[in-house]
């Protein structure tokens, strides 16, 4: 569910966004919304507000509470309109310059922009724009969108926006704030979620997940639809679909891991979906065992489903330490599996002599998983059976998720049996792709490219491998 | 289990201690041990080490990771001998001066001292020492112990220590570091835990809980016994019982809430004890319901036991946000139950139309509990049945736990029925005192004063009420 | 000489720049150079270095020592080529985004740019570029220069640069770093200084003032000439004058106040110039007095000249407190002239019953000056005669100096007599414009617009008043 | 005058104190007073106030502005009574624990205590108190005084204090705050200054120097006399002399270097005294020269006197950089005299071909002085004549000044000629002891031990050499 939970062995969501229109404390609501979306990005946060005279912004590296913890910071962000962003960034580009929302002056107006996603044609666009004289101050895709708007020959702001969005290809759930409007937009395939809510006193709230609406007591109104542009201004809300319809490709991994369990995702309850994933996993990959133990917190919900389906007792046999610190010095006489040990400790009384099923949501490199299996054995488990409530992740994501290169993914080049051998489990079982689709009740059209290799959009050259077009 | 988990509605542990003797990286091991004990105190941390020439110390307010996160800090704490402390402090005395270990020069030697507990005769001792010319720089009980040692007419260090400990009354698990020895001591009734472990290369580790031994890969050797003084020096380990034997009064609340579930407490597995508490609660206070939902994280383990015993599905219907921040500004148009909402959000899909049993480990003031019941109802629960895996807490603790005054404890002046009415539950059920003792397998002698009012040691005047002597 | 010295009653220099080429510790030399130039800007500092693979940068708000005080910060700035910048910013735009050097990717290359000056055609350029689709992330003029380069149709980097510089009008002393060259350029009128030096082992150093060369032990080679572009690359140094020659308009206020006294400015010794200003002032505006007291530190040197010329004893009758703090809370029962008092205190023994000449370099609003006169009287001065070693400042600067609006300048709408009356002096005397030119030995062509109103370049519309063209 | 000024080659004052009684903003006045006394100690600062219910304190390492710069900090220090302290500490004991005022509970009352001085019998007292069971949390002498008070058998607070002060030997100017009184005391020989002032609305202010009175607009009332105890309480001011009279031994170095030039010290104007020292030096040690250049800032005032007396032009030929930073990294290819160069730069125009007299107030180790002479020569000086406005410092101070050990003092084992040779001056001249006494108008009784070796009080064993008793 979050960075704190994943020991370096999960895919990572890249961003969460929130926007507020028409509330006297718009920035405070954004602050709270970002807190609720913190699991979508822990390396930076920012808010841009329009205070009636100018855009105000504050951005910083770190958690929302660190960036906005000081009352004086919030006091600088006056106004009834604001957008916010939380961000996870890959190493090397975690500079402050890349923390969003980006705030620029373009096309004669001040613009704040916050973006959750990834553009597959970014390298080509960057080259093209550069040749036309664009200068870049960040390495983020977001800057490209504003460049395209600024260069549009269209007169109307909306047309500039449509023209710019028509040029970008990939995954984008986008918020854009100008002095007189708040724009929410979602790519035609709808990779990343984006929902619309309203508070009791009429303020509009747009957010990546419904859990952000809950915290600010905004009622869920509807999803921003794939390919839809929603414009909120002083006249109210306008929505239109300027792009040709495309098959929906919502990210199935949002259901599996990224979204918070209390979020309603594309009309479904994430918690219940994960229980069903566990139940389906039990059907496909049962185990003879004495106890089901989740890897906390990512495996907890599906382990509940798994255990219930097989009527095996469910136990929190691995205890998490929630107090994470940035730096611990390991003694030179090494502690085995130090990194994992800082965060997890087994409860031997639940494990000694037991046949243990350990459940997690995914395996990325396999190294953490191997440490956990070893930890369970050292705590006395007689057998360790590994069950993953998803299919093997065989390919990277190009649509807004931070994943390792393909050759770092253990499932890209190893059979399930080889993986089981590597992690040292007595048995291993993954959910099938079909089983996954059934559990998530696929009447939406999901992207499952990281499992199936069927990438819905070709990725352009630019450091990342060219992929076969699909769909 | 910890400050982060309790929303102001739990008793709070006051301290955790760890000591290391004979390891080249003694401070690093202390640092890790304190990380494992972080749940016992989040307001301050400190380490004192002996580097062969002098005592070095670093102490600070905040979490262990904040206080010791910088490599340079650890580099100042050289030496093979060190003790550490984490601390929770009540408001008003959270000054840096009170953060332990205390480091003083007394009786001709440098002394570091770290203390988990509370002295009931502190006010009288303070007055007596003051009349004899003692000056006090802290308001902590710990300083009193060193004053008593310094004034002892005994020649030998050990005798000074015994004389001093013979004067203090109450709960104390104590670590003391001098240039040539590490002392661990526990009060005769044994209120607070203290365990002894050893690393593979022979270093001694003493800690409040076994989970600290686990992280530094020290094997558990034995408990420091009630009334025992253990002295570790260059000749090895010496132990003796200088005080008259007394009935053991180990704190039952350590099992119920304070200790980490993965700790072995007084020979028992805390996790399993909590499951048994839930099972026993199910026997005594069953409910007709569709789902069992714990208050995370404190109610999770007993809820698992409760649900299993009654064969009702267990669901994490309340989701915790682990990213806690020190300060959030609430919008002026108030969000209902703001404080709780920052940390908990219900999963409506699991609750709508359901008869819900919500399980927690205790109720202190009742206000948080009321908010949670309200939150569940708003999320659609048809019925809310509250079950507490402990008896009503009717009195404060005087032995090292931070509790509100008696009149703030809702159970001190309200019947169970009145409490149920206050929190708005459809039904309410507490565990009986006898049931609790059975679940924790009481062959040890437990202190249950906060439930029963049977205080094992009289409390002296000094701001706190005089109590009847018991036992 | 610096912000610390001026009590809000001086014009303020806007920037200092330094660049190093061909030294293994280029960033360290920049750091030292910025320290020497700290008086030219105290609100922000930055360094960009090229480490052979990419541009590295660190920028921050505050003093050089605060921004670069941590060893780890400097360690990130590897490479043999670096440029640095110190900056003063006007209120409201002191955001981190505006701290230089600016680092961008443009025209297919990474560029770092640091700029001392002010472009008078910035508003028009900004509008024009905006219409062409440029997006702006800062409000600084510097960004405009890179936009112009990025849009140039020229192929060669140098031609792009010349084309861009040909479009900008105003004051600019500029450093530009790319992966393979260091560029230093100065506007055709030469408003701001820029000097070239070389270390014993052959590294090139370019800096705003010679005092920066002194600290890094670079020998002064020559000034970058007005209108000259100097390019240093692996082949050595190339210089050319691509722009039509114009009359030189070097800023006379650099001599009067901005430059450090130990700097050689345009071939002259600043300290000696200031002594001559004082001597000339003594000729033009003598006084019958017992003691000459400077306003420290800005008036010290000219006061020495004044006192010597009239053979009146020179005394430091006003003592400065060098420990300046950002915030002091004034008691509600107000201390008279609180702000000035925090920094200056009179020595009554030197003043009681004396006829005092107090010397400063300029009067801006007159309020601080009035407080100083009052302070001297309260300390017992029998008479206070104010002498200013410059002509009255009647107009703002548009060429890189931060000055108040015209109507805030006391001399813009008051006669000298009225000013004397306002500040409460027994007499007042300014230096004449002719006297000033003589003292600074004007064979260079100086800009004296703030005294004479003869602005050498018209200022375009954009918030500032249109001015008559001169020269 | 201060740490910032001295390049490691000056004696250093150890402390400054300020106390306020009867002002609604007592802490704010203390804050300002400490700012004025900042030159007496830059390594730590603290304030203790009595808010009617308890003592509040804030202490920290660093400059006054850093320690008290946040409004919230000051808000915690309510009350009409407060004392403050600035401190310089020797390396190794600069821990926070030693920052004053010390705040303790002793003898039944809360006490804040701030101390400027040094006790020569501290080691013996510490040993004696330790044997009686005292515990020490600091290594400062100040703690000893409170221990002595706490152990006094006297009943009345005043008698406890007198008894305690009667036991200590050495230099002490002391402030003590209890809930109902402010005490100011000065040792019988009166080594350190302490003055009494009063604000217009009747509040009492006690401070180390009159410059602190000036800033808070308190009128100077009188000095606290040597051996006097002044008690201010709700009834007013009481003063008494409980100790036998002793010859006055006020520190002559306060006049020479420590005190601010604008301070009135023991009835004299420090600035004027320093001018007289320069004049007398001119008489005793004239030079044939073209220019007199002071080492800023310590040599400026006496250089003015010296230059005037010999009618040689006075020039600020060495320019100071006031922006001091804690850490600068020197390039590996070393810059000559790096440390000095960061702070001083010569003005070659004033020096080339000139016979230069350079004036400073003292030479400690001689190394800095040597660098300055070298710097002047490299800047072109034809001759460099060194003049010191004090006699050679041949011995350390034991009365509250931080001085190196005797063998580090260049004058302790070298003749004046040898010193001149070491520093590389063409000639060298010190003031005579008799000349110094004449210049400071010695009708007070001054301690000149560091020049004459006549130590007024024997120093006890304890790490420092035993010295012959004098007087």
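Letters A, B, C and D mark the chains as written, and numbering starts fresh at 1 in each.
Keep this in mind: contacts are C-beta pairs under 8 Å (C-beta built on N, C-alpha and C of every residue); 3 or more make two chains touch, one makes a residue touch a chain.
This structure is a prediction, so every number in the text was calculated from the model and none was measured.
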Farthest-lying chain, centroid of Cα atoms versus that of chain A: D
CA centroid of chain A to CA centroid of chain C, Å: 49
Chain centre separation (chain B, chain C; CA means) in Å: 61
Inter-centroid spacing, chain D versus chain C (mean Cα positions, whole Å): 36
Residues of chain A whose C-beta touches two or more other chains: none
Touch-based graph of the chains, sorted into line, ring, star, complete or other: ring
Chain pairs in mutual contact under the definition given at the outset: A-B, A-C, B-D, C-D
Chain B residues touching chain A - in the complex, by the definition given at the top: 2, 4, 23-25, 28-29, 31-32, 35-36, 38-39, 42, 63-66, 69-71, 74, 201, 211, 214-217, 260-262, 264, 269, 271-272, 300-301, 304, 308, 313-317, 319, 321-333, 335-336, 341-342, 345-350
Footprint of chain B on chain D - complex, ascending: 96, 102-108, 130-137, 143, 146-147, 150-152
